[in-house]
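Presented sequentially are two complexes of chain A, the first with chain B as partner and the second with chain C.
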Partner chain A sequence: MTIVDTGWFRIGARVLVVAALLAGWQYLSAAEILDTTSFPSMTATMAEAGRQLQSADLWLAVWETVRGWGLGLLIGCSLAIVVGTLLGLNRFAYLSVIPVIEFLKTVPVIAILPLAIVVWGATLDMKVFLVAFGVFWPLTIQTIYGVRAVDPVVRDTAAVLRLRGLRKFLNVTLPSAAPFIATGLRVAAAVGLILTIIAELIGGAPGLGLSILTSVNAGPSRLPATYAFILFTGVAGVLVTSAFAYLEQRLLHWHESQRNAAAKAA
Partner chain B sequence: MTPSPDAPSRPETGRTASADVPSVADPIVAAATTPSQQFAARSGRAPGGGAGRLLRGLWSNLWRLWFFVTVLVLWWVLSADSTSTFFPPLRDIAQSLYDTWIAGEARSDLWSSLRHFAVGYTIAGVLGVAVGALLWKFQRIGHAVSPVLYFIYVIPTAALLPAIVAIMGIGSSMKITIIVLAAIWPTMLNTLDGMRGIEPLRLDTARVLHMSPLATVRSIVLPGAMPQIMAGLRHSLQIGVIMMVVSELIASREGIGFFILEAQQRFAITEMWTGIIVLAVVGSILTFLFIAVERVVLAWYIGARAVEQKG
Partner chain C sequence: MSHPAVTPTSHSGTGTEPVLSVRALQKAYNVGKPNERLAIADVTFDVAKGEFVCVVGPSGAGKTTLLRCLSGLLAPTSGEVRFEGAPLQEVPARLSVVFQDYSRSLMPWLTVNRNVALPLKVAGVAKRQREDRIAEVLHAVGLGDVGRNYPWQLSGGMQQRVAIARALAHQPDMLLMDEPFASVDAQTRFDLEDLILKVRSDLDITVVLVTHDIDEAVYLADRVVVLSGAPSRVEEIVPVPLGRPRNQLVTRSEETFAQLRRHLMELVTAH
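Now for the complex of A and B:
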């Protein structure tokens, strides 16, 4: 092991790359290689970001985005888990519905957005509907497969032990489906955030997406604000993705997929 | 990652929903993508042989479409007398679909969309595989830049759109840029993951045998990573289609997205529905085309999986 592979060096290298990028950004705009009317300087953006952090407008926008995202996710995911479980437990229903769901999954969710905008306008309902609709299909499929993925040995054991009904569901089906659902939820959370932002940008519902749009429309002087909002959106993405990944690890530490991951990391 | 029979049945711990490669066991389910294979395989459908098997498979799966047909018929019947502004009769939509998209002028919008998509997706795919491979080859650099890459990856790309419009204006370059920016990530990350998953033993063997770098890439790296690269490319395809539409919805004067938006603003709801349907059909045709290509490219892998599953 050389010095290059020590933990401190690795962290240092990462910090250095980030710092170099920010410095490069600042240099390019200071030297006016970047057109300042379309690309603000790093310091201006950061200063604006700092100002925004203290303003109520930003937190209101964040709250609107989080509300639309959270409600949509809650509705879409609960429906998907219930429907997926029911479909997964019945072979006939599963075989009948799979072609429809697999087809609908390939349809770009965004196709439904104009309809939602006409029906609900620039409201919270519109956002919630789009997010719920968008996360429903993939998670339903994931749940169906999870419910059906019970290990044959476990299934046979359950049969020998005459486990039935709710007990079988809680002790056999749910544990085997949980990792599938968790993966589906993690993906759904990220997709949901993207859809929320798109709904705000195109549908004009209040939130971070709309803030980005209005600051762009306000002209070049507000440009730092645009980039500040984009940065905040990125931070929201980081938070959502890592929170769900962390939860998945904590809640499913007993499952072999996580054990393997832990072993690999060690 | 050696393709062991149960490997894809475990939810992957990677970042994208990836480890899904179609199987041969179950025509309809497999044709319609995703992690379906292991279930088809486990549900123990006895595989027959050759063309007879295909025909029998088709027939025994055809009945499953009843639900799909029922939904369509129900939509047709229930909407026949619809006076709702938002949900016009399906018959009117079908009529308008023919008038505008097949007999009418809207085809140019379709071609415009597809052209941008094709260019953007190709660039994203090539760049994604190339950058992913470079990040794998130069692991220390990859490690150092990973936080930056990760941050750009999690920013919802749509949020970048207004800024990109401000920089590049309205036009083809803006649309292609946005498609590339969004679609590159799944391919890149899956390429990196797939190559990381190659057994070190194989690479060591190649070194011992003094294989040239080119031969190593061709006979070990690419085959080893191909299933996951294809999974990434498929995910990229879906994102590419979405961003194609989003870019047209926000700033454009042509394309399917523009058609839908324009119909919506004129309150021509029936026409808007035709745009939505065309978009849906385009999205699924592209996905099915991709699956067809994937089956050719991964034929050896699917074959190997089938043998393992039988055994």
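Now for the complex of A and C:
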């Protein structure tokens, strides 16, 4: 083990990179290489971000975004896992339905955004629908493939052990499908957040996306706020992705991919 | 073993009836399609209660296919397999199978204890007795305190021991094994051969073991069923008049062992 592998060294290196980027930003705006009418300085942005962190409005917007994202994800993913499992377990159903799902999966969710706005207006429901719809199709497909991906030796073993019904589902089918579903969930969480922000930004539902939009509309003086909000959405994205990666690592610790990762880290 | 939860099916009235009887078994893959292929042409043999039968044959002879038919995993094209008097419909409760590929056969998401618990849960054994039985059967295959480990944390030989423990947990009458020791090193292989002989005499269980290793077949078996190349037929059924208990050093250096080995070699390589 060299110094490069130690935890502190890694954290230090990452902090340094971030610091260098921020310093570069500050330099570019101070030297007016960046157009000051569209790029605020790093310090102005950070000062604004600090102010925002103390304002109730920001936390309300964060709450709205998290709520729409979370509900949409919960509904879309639950449905996808149930429907995907049922379709995956039944060959006939799978063969009949898969072309439709493959088609619907390719429909860009943005294409139905106007429709959702007409039906629900700039509301939480509209956001939730958009997120649920967006994550449902890809995760359904992941689940179907996962349920169908039981190793033939495992399938024989299950038959020899006479595992049936719920016991077979919980001990064999679900764990076999879990790596597929976990990947699907991680992607769904990230896509869901993007869709939430879009629904707010374009659809006008309250949340971080709408905060970005209103700060832009408020003119150049609010520019640092715009950047601060963009920064916050970025942080939200990173938090979401790491949370799901952590969960995946905990739940799938037995899976080869996680075992290899653990062996590398050790 | 003093575990009364599951008692073997009684054959008291029909003491001479074989545990397993295979009659004119034929198996073709992809029947009716252009790539139809006859894997087993005609196989007939019986296995008596408590007997150890090895099946040998050249590579691709249809040994795995035969074992899958015997276990009820695969339906024969024609002919019949009877287990304890009844024609096979599915995998019978009183029969266990050990696969060659232990690393895939043991569920990686379950600990050793939970893997071994599976057949006990299916048999409806209560939690308390289940725990006792798991400890007992792990001990019987020579494993110490590994129950809380995951299978992939163990060596290959230990994993196959876990697979054998799981197969024995619900006290089946018969054990079917498909090249169970083909993926472990030579020393482990000897250990596992002796383990299975010990288990068999301790538990009075019937064993059918498929192998491509003629020495292994002679060392283990009471009788060896020799298959021809595909599509397979029974070339000969060779009795093994070696005494028991057997010993890797002593048995393998006996004159009879060498003769049997030579005879089987001639049969298997005659194609």
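As a convention for this text, the second predicted complex is superposed on the first by the 249 of 266 C-alpha atoms of A that agree within 3 Å, B and C clash if a C-alpha of one lies under 4 Å from a C-alpha of the other, contacts with A are read in each partner's own complex, and residues count from 1 in each chain.
As a convention for this text, a residue touches a chain if its C-beta (ideal position, glycine included) is under 8 Å from a C-beta of that chain, and two chains touch if they have at least 3 such contacts.
A quick note: this is a predicted structure, and the numbers were derived from the prediction, not measured.
Undergrad: Which term applies to chain B and chain C once both are placed on chain A by superposition, clash or fit?
TA: Aligned through their shared chain, the two binders fit side by side on chain A.
Undergrad: For the overlaid structures, how many degrees, to the nearest 10, lie between chain B and chain C at the C-alpha centre of chain A?
TA: It is 80 degrees after superposition, to the nearest 10.
Undergrad: Between chain B (first) and chain C (second), which, if any, makes contact with A:254: first, second, both or neither?
TA: Once the two structures are laid over each other on A, A:254 reaches chain C alone.
Undergrad: Quick one: name whichever of chain B and chain C touches more residues of chain A.
TA: B
Undergrad: Have a look at where A:131 lands relative to chain B and chain C in the superposition and call it first, second, both or neither.
TA: Neither partner.
Undergrad: Is A:115 touching anything from chain B or chain C once the two structures are fitted on A? First, second, both or neither.
TA: first
Undergrad: Once chain A of both complexes is superposed, is A:71 in touch with chain B (first), chain C (second), both, or neither?
TA: neither
Undergrad: For A:18, using the defined touch cut-off, is the partner it touches chain B, chain C, both, or neither? Pick first, second, both or neither.
TA: Once the two structures are laid over each other on A, A:18 reaches chain B alone.
Undergrad: Check the residue A:49 against both partner chains and state whether it touches chain B (first), chain C (second), both, or neither.
TA: neither
Undergrad: Using only C-alpha atoms, work out how near chain B sits to chain C after the chain A superposition, in angstrom.
TA: In the combined three-chain model, chain B comes within 8 Å of chain C at the C-alpha level.
Undergrad: Once the complexes are superposed, what residues of chain A are shared between the chain B interface and the chain C interface?
TA: 256
Undergrad: What residues of chain C sit close enough to touch chain A in their complex?
TA: Checking each residue of chain C against chain A gives 68, 71, 73, 90-91, 93, 96-97, 99, 101, 104-105, 107-110, 118-119, 121-122, 150, 152, 166.
Undergrad: In the complex, go through chain A and note every residue touching chain B.
TA: 4, 10, 13-14, 16-18, 21, 35, 38-39, 95-100, 102-103, 105-115, 117-119, 138, 141-142, 145-146, 148-149, 152, 179-180, 182-184, 187, 190, 193-194, 197-198, 201-202, 208-209, 212-213, 216, 223, 226-227, 229-230, 233-234, 237-238, 240-241, 256-258, 260-261
Undergrad: Touching chain C in the complex: which residues of chain A?
TA: 151, 153-154, 156-157, 159-163, 167, 171-172, 175, 178, 254-256, 259
Undergrad: Given the complex with chain A, which residues does chain B contribute to the contact?
TA: Residue positions touching the partner: 9-13, 15-17, 28-29, 32-36, 38-39, 42, 64-68, 71, 86, 140, 143-148, 150-152, 154-163, 165-167, 238, 241-242, 245-246, 249-250, 260-261, 263-264, 267, 269, 272-273, 275-276, 279-280, 283-284, 287-288.
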